[in-house]
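Pasting the structures here.
Both complexes below contain chain A, partnered by chain B and then by chain C.
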Partner chain A sequence: MFGDKAFELVKELQRTSETLPPFDDDGVRQVLEEIKAIFEENCQQAAAYSHSGDRTLWPLLSFRHAAIQRNKRCLLAYLYQRLQRIKAIRWEFGPIVPNDIKNSFCEPETQWFNSYSKSLATYMRSIGDGQGIDLTGDLKPPKSLFVEVRCLEDYGKFELEDGEVILLKKNSQHYLPRSQVESLIRLGILQHIS
Partner chain B sequence: MGSRSYFPSYYSVDDIFVTQEKISCQVSSRLLKMGFLDPGCETDHLEPGKIVKLPLWYVKELKINNPYLIIQIPELYKNVHNAICEAESTNIDLGKMNMQYYEYGRYLASFDRNHSLGRILYETCRQRVRHLLTISKNTVDEIKSENKMDSIERGLYEAGIRTNTLYTNWLQQKNSKIRPSELVQEHSKKRKRFTLSDDEMSSSLQSTKRSM
Partner chain C sequence: MEQNVREEDLELSDDEELITAQKVLENLENAWLNEKFAPELLPQQTEMLELMLGQVAHMEENIKELDKNDFRSIAHRMELERIRYIIASYLRCRLEKIETFTKLILQEEESRADEEKRMSVEETKFATEYHENMENYFKTVALQYMPTLQRSDADQRIVRPNMMSHVFVKAKETVPAVVVGVEDEEVDLVAGSQHIIPYQLISDLVLKGSVQLI
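Showing the complex of A and B:
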């Protein structure tokens, strides 16, 4: 049936919730080919109609037209949903994305991610009276300036804003400025303990 | 993913799922070269009187008084109607009948010549929503996999539970901890699974080598 391949694309994306599956190059190409094939057949029949004025093929024509639109909708929805996920990834992971996620991007998506990341950074620098505000930080109102954290993996050296360098080793505990370690907690490298 | 709007947006995945449903239609005039729609059909054309299953994305483009096809309203909605009249509608297993009960019905309502489908949808929803409110208020910890709901009801139910937990957490001032982001958590879980399966692969490879 027409449109089934396009639907598979959307269904497959929906099945792998949240993170991003690799871009389905082959699937997208097949749908584009199907659209092209239907379009060409419809063009032929439309041309035949303008010669003969024979209306008997109208239902078929309209069915095929609906199929083209259906395919188009599924394709666009597929791309759009992926963009939404990539956007979420930028907010959750920050500008540096783990390699295995990055490998799931297709070329235009990588470009889009880079320019989105850039725009976001430029915007965050421009607000806050020339100082810039990190909009991805302080998602919950801070109650204290320092937090107690435990390290969940061997991260290595970490330099604080005052120049002090600390070594983040697995299972070590530290008392650090909240604003500087929040992103590490969000990335699951440190655990906030009270 | 994405917000639920009453009028589904062009990119709405939920709506794409609904419009994939197949509906039985009766052919009312000879349709040339459309035999491919019916897998059991041997001729190129569809003859009047034949029943074919057509996807909703095509059917919704048709008008109710079109000269080619008569759309048949699925039995499912009639059954629900009977159930509502006979018993508690909260016991109907909507999820089992159709995961997109309401959305699907909304499309079909415009093809219903008796004009009863709209009322049925309204009545089912009216009777069930209050029950949803009660159970989502009383579920405290984990979201139970209750399968008696359609996808919209499930969304409402989960939103209800989430709001309720947020509210109790706020009351008990539990929320001051910074938590790792959900996306990151899911990603690291996935990564662990992958590395685990890699380990298993290599160990099984080694054992096969040893046995050789």
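Showing the complex of A and C:
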């Protein structure tokens, strides 16, 4: 049936539990080929129609046209959804993507990610007359100034804004200002314990 | 929250700034709520934002002079954190809309006069880049391989917000005879009253500031 493969692409992406499944090169190519095949068939028949004037071809022509559009829509939806996930990765991990996720990117996606990352960084730096705000921080309404954190790996020295230096050793626990350790928590170096 | 700011002002600023700083925060909070609940992108508040950021920097300086273990220092820090959250959340919310409705917003901006632009210069730059990036990507991966006939319909891909989605509003002042529903039914919004209503019908009141989304 027309459009099955394209629909499958979208469904697969929706079903998966991975952050980002590998780019389905094969699936995308098959859909593109299907579009091309349908289009060529249509062209032939359109030519035949202008030759013979046989109106019974009309429904078939519009059916194929609809099939092309459906394929296209599913394909773009697939690509767009992937970009949405990639975008979420930028917000979560910052400009440097962990390798296991990066392997799932296809080349144009890596390019897209880099330009997006750059635009976003430029924008964030330019807010408030060049003062700059990191919008990827302060994600939740603040409840308390300090949080209790446990260190999950040896991180080394970490300097707080007031100049105090603390040593983050594996399994050590600290009571630190939330705003300054938020990024470390998201990177999985510290764990928030309550 | 307001209580804290007032203390802040009494302590840190002279009388003239006292009203302003508080008003600025109030305006920013309102803009934030409106932006959060409105389906479309609302006019930018760059001026408010810059004032507030200036104030935040000012407050930070002053807090540094306080003793770290002073109770007031903790309260003020907390307050700063909250303001920072509001600012970040507000800008994030706008960015999200810009990313979702990029093409539509860019088109609308083009038809607006300079003083009516809804995006700040920085946001416009971001939106343009984002849009180009997106189009480029689609072209590289898929569109260039599709038959010519299909290439030109970029307009079909424009995402539009649902302007008829329902919102909660609170009237700040009495607005007589607001048309609600298809049959020209009219309702008076009494000051302080709350309503659920499709956004489109009261969007002009939101822009004028007569109602507040909640």
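Just so we're on the same page, the second predicted complex is superposed on the first by the 164 of 194 C-alpha atoms of A that agree within 3 Å, B and C clash if a C-alpha of one lies under 4 Å from a C-alpha of the other, contacts with A are read in each partner's own complex, and residues count from 1 in each chain.
Basically, a contact is a pair of C-beta atoms (placed from the backbone, for glycine too) under 8 Å apart; a residue touches a chain by one contact, two chains touch by 3 or more.
Everything numeric in this text was worked out from a predicted model, so none of it was measured.
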item	value
Touched partner set for A:Ile96, first chain B, second chain C, both or neither	neither
Which superposed partner A:Leu60 touches (first chain B, second chain C, both, neither)	first
First (chain B), second (chain C), both or neither touched by A:Leu76	both
Contacts of A:Val165 with chain B and chain C, given as first, second, both or neither	neither
First (chain B), second (chain C), both or neither touched by A:Gln14	first
Shared contact residues on chain A - chain B and chain C	69, 76, 139-140, 178
Footprint of chain C on chain A - complex, ascending	28, 32, 35-36, 39, 68-69, 72, 75-76, 79, 83, 87, 106, 108-109, 111-112, 115-116, 119-120, 122-123, 126-129, 131, 133-135, 137-142, 144-145, 162, 178-179
Interfacial residue positions of chain C with respect to chain A in the complex	49-50, 53, 57, 68, 74, 77-78, 81-82, 84-85, 87-89, 91-92, 95, 99, 122-123, 125-126, 129-130, 133-134, 136-138, 140-142, 145-147, 149-150, 157
Chain A residues touching chain B - in the complex, by the definition given at the top	1, 3, 7, 10-11, 13-14, 17-19, 56-57, 59-60, 62-63, 66-67, 69-70, 73-74, 76-77, 80-81, 84-85, 88-89, 92-93, 98, 100-101, 139-140, 143, 147, 178, 182, 185-188, 191-192, 194
Touching residues (chain side chain B, partner chain A) in the complex	1-2, 10-13, 16-17, 19-20, 30-34, 37, 55, 57-58, 61, 68, 175-188, 190-191, 194
